[in-house]
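Below you'll find the structures, each written out as structure tokens.
Shared chain: chain A. Partners: chain B in the first complex, chain C in the second.
Up next is the complex of A and B:
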């Protein structure tokens, strides 16, 4: 098969153009007064950093990290038992439940958001049909519940895929050697599923951290998050001087987290087997 | 002691079941609402006013006097599907070639290429969207349909690669060499030996690529400029006044789910039948 190696070369070039080049460009934008729409001579400068002293940006950053952390932890506490339970079922039921878990993801995320908007409104189709009122639209709670609904499945999938491939002989061996169920879980099953847990943490944390449509709809723009700020800097205020440069700087900050996640993921799962 | 253990494992099993049921209810709540709005006899869809199928009818069959809203919406659906079909085709084609190439590399390089491959998978959409937007403006591409298509091909390829690689790992490398020894050209050996053996991975990858493209919002939003609208972008601009959302949108969404279920059931049935025969 060695003769097929050249097939991978164009991919490397492709990735260099679409991953490496923009990363470098964003770095230049973040640390200079370069104008993206009129490239010319530019000067390095650090004054873009002043955005981090704006109270609104600080609050958005704090909110984003705080919610993303809460959502990730709850997703883990709920998602792990669910993934574990599904692996204990027969093959047919297992497949069915996993398919059932993927199904909601086939609806447009924005449409699901508008559905949550109805659920969180007083006197909506939700309250008419279910006889229940949860009028929390525009609060932090609505944002957190919405995030949980969007990204919880991404915690369950990788944990399930690792647990499902686990060698049952190891569990039997542990029990034969006298370990209790709890001991078996803590010392054998959980450590072996850590790869999936790490992937799950990252796949829920990063999207929750950077979402922008969700807080706009469920938070009524009253709950600032950093994704909204990035969007504002790049699109809504994209033509104002230095707006894109500041946006690039915030993006670089977010990218640091994705690089850290990436290093972590390649440690536990070299070829990305838990990512799909 | 035995009895105690049995009770314990019972309790564990029931609480597992309970938390699973609750999770599924939670995840299906918006889906139920989407379905209800799509069959609700009310233009604004805010209150429940009885069952109807008129929104489906409106979406699919109203050709004589569609409202301008509906016309724009249909155009957005057309754009979404046309982009999804093309991006699925190109991403599947390129992803298959790249996956075969990556698999043929020696271990060290293979791992490096896979790390590169997974960057867009792990990266948050907003980062990918901004990166592409920045590259396109650097290359002075006019933002529009073609840049959205390129962006969709870009974010789909890694998923195609990820779904093909495991199938390649199961393939006996000697088969390819044997085909060459027996006088096959390189290309026809790929076509006749490798492709048939990884076809399930290719189909799976294509399905993921298609569903990802059809539902994408963030990356399309950053790469579309002002002239091009797919369903997500159209919806995002409308969402600022939710009372303007017409229930045909929800009918469209329910139809997409049903079609996807149909396609996947069909593929699975076909696979089952194939396995039974062989």
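Up next is the complex of A and C:
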């Protein structure tokens, strides 16, 4: 196996250039008032933190967390029973349903977003075929439904994979010891699926939190979300003073959530079996 | 005579095209240690799962304490199971595993505390309350599984090859402890195994099964000493099995010689199976012996030697504490009561 090692080096170099170095650059930018070309003149300062006092950013942060939370909770309430149901099926039907869940994910997200944009427009092919008008583009509802459509599968997969591996003998043991179906679910099945639930929460919450294309397309930029604001800050580089520094700082805040989530996942799921 | 606690009447059970049990009948008395013994696939585990409520019969009825319980769920039966691979709850510690059944029944906290304590003492796991089950050895997990089942004071405890995963020494220890526990608790134990030694050591009653049929029911002594047919003889203990014919009442012929025996009631010249246990042969000087052969091989087994002797092309296996050289000419005798005659099984 040792001989394979040299072949892994190109990717490590790639990661260093495109993950490690940018992260370090972000840190430099976030804690200084420099632009990218004068890194040598670095001086540590917290002046960029004023960005968090701007109402627009506060609003975007609040929206992002709020929608991400709602979407995660709805995904859980809808997704858990789906995951549970699939595990009870025969192998063939199981594979079929899983394929139905996976297939849309192989379509580019922007394409799927465009489809939802048409559905939410007045006078589209959707309204022609179904005789139904849902002109909700540019509303919070459109954003939340869009997020659900994008990320619900990511709640279902990890829960399914944990439940599917659950030893049926444990369920038999619980019933043998006098537990009803409900008691068995509450005392055995659900606690043992918690690893999958935590993974599902993270895999739904994080992308919902950071999404920027979705509020642009389905929210018409009328529903501010933090991903969109970060993107704006970087686009405005050179046009607005300190915009990339502020963008970097917000990015780091979001990144802290990713790192915390990763730590949490490795705690609840030591074998990484719930990650797909 | 003790009371019938469980009756299986005309049970039929199939899985798809495979019929495992067909017109299966068995009753189990109160307070008995009964073992279902047979090779894998003989239907013993299915039988246990039917009693536990994890399968339901296609036909026939299961009677428990005078009532038909076919439609009762496992959680409604006064029966607990000790599963083959323990099936302990990995998210709970030892205390919570054992307390599971009592908490379901909403037993008061203080009583749970007491009963878990005394049950853990019974299975010799005092001081292990807070350990997670994954940190325990196989033998300790086994004890937790037993504690978790018996704490509910079931009328019947089902044990599905519970010692299969343990090493020999531990298995022998646990055999003794299980038997002791059954005596103390006064619970009916229904034990499933394919290990004949386990069955002989622990059981009051052994039920020998093959291909969904009961071949023989009896005490370990009965089954060892008077196996009903060739299969039972082969399955329980080691045996020399010869094809023979009944010459007359009390006279059997095998390996070209006639021997006195204690069986009668066969037809003249009826073909029979003759079974002789390896420890039932005695050595005598060749001049005085009816059977004379040459030692072909010898294995030291600890308490005894296992010696193979070739007599006119037939191989005899003998257990003896006396040493013989390979190539020695030896004479053998066997007492008439140690020659077991069995009707040939009719091949279907």
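As a convention for this text, the second predicted complex is superposed on the first by the 243 of 276 C-alpha atoms of A that agree within 3 Å, B and C clash if a C-alpha of one lies under 4 Å from a C-alpha of the other, contacts with A are read in each partner's own complex, and residues count from 1 in each chain.
By definition in this document, a residue touches a chain if its C-beta (ideal position, glycine included) is under 8 Å from a C-beta of that chain, and two chains touch if they have at least 3 such contacts.
Predicted model only: the values in this text are computed from it and were never measured.
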First, second, both or neither for A:153, with chain B first and chain C second: first
Chain B versus chain C as contact partner of A:18, first or second or both or neither: first
Which of chain B and chain C A:103 touches, first, second, both or neither: first
Chain B versus chain C as contact partner of A:177, first or second or both or neither: second
Comparing the two partners chain B and chain C, which touches a greater set of residues in chain A: B
Which superposed partner A:123 touches (first chain B, second chain C, both, neither): first
Contact residues of chain A, present in both the chain B and the chain C interface: none
Of chain C, residues touching chain A in the complex: 52-54, 73-75, 79-81, 83-85, 87-91, 100-101, 104-105, 148-149, 152
Complex contacts: residues of chain A adjacent to chain B: 1-12, 14-15, 17-19, 21-23, 25-26, 29, 36-37, 39, 78-79, 81-82, 84-86, 88, 97, 99-101, 103-119, 123-126, 128-129, 148-149, 152-153, 156, 181, 202-203, 206-207, 209-213, 216-217, 227, 230-231, 234-235, 247-248, 251, 254-255, 258, 261-262, 265-266, 270-273, 275-276
Contact set on chain A toward chain C in their complex: 167, 169-170, 172-180, 183, 187-188, 191-192
Chain B residues touching chain A - in the complex, by the definition given at the top: 5, 8-9, 12-13, 15-17, 19-20, 23-24, 26-31, 33-34, 36-37, 40, 45-48, 94, 97-98, 100-105, 110-111, 113-127, 130-135, 137-138, 154, 157, 159, 162-163, 165-166, 173, 176-177, 180, 186, 190, 208, 211, 214-215, 217-218, 221-222, 231-232, 235-236, 239, 242, 245, 249-250, 253, 256-257, 260-261, 264
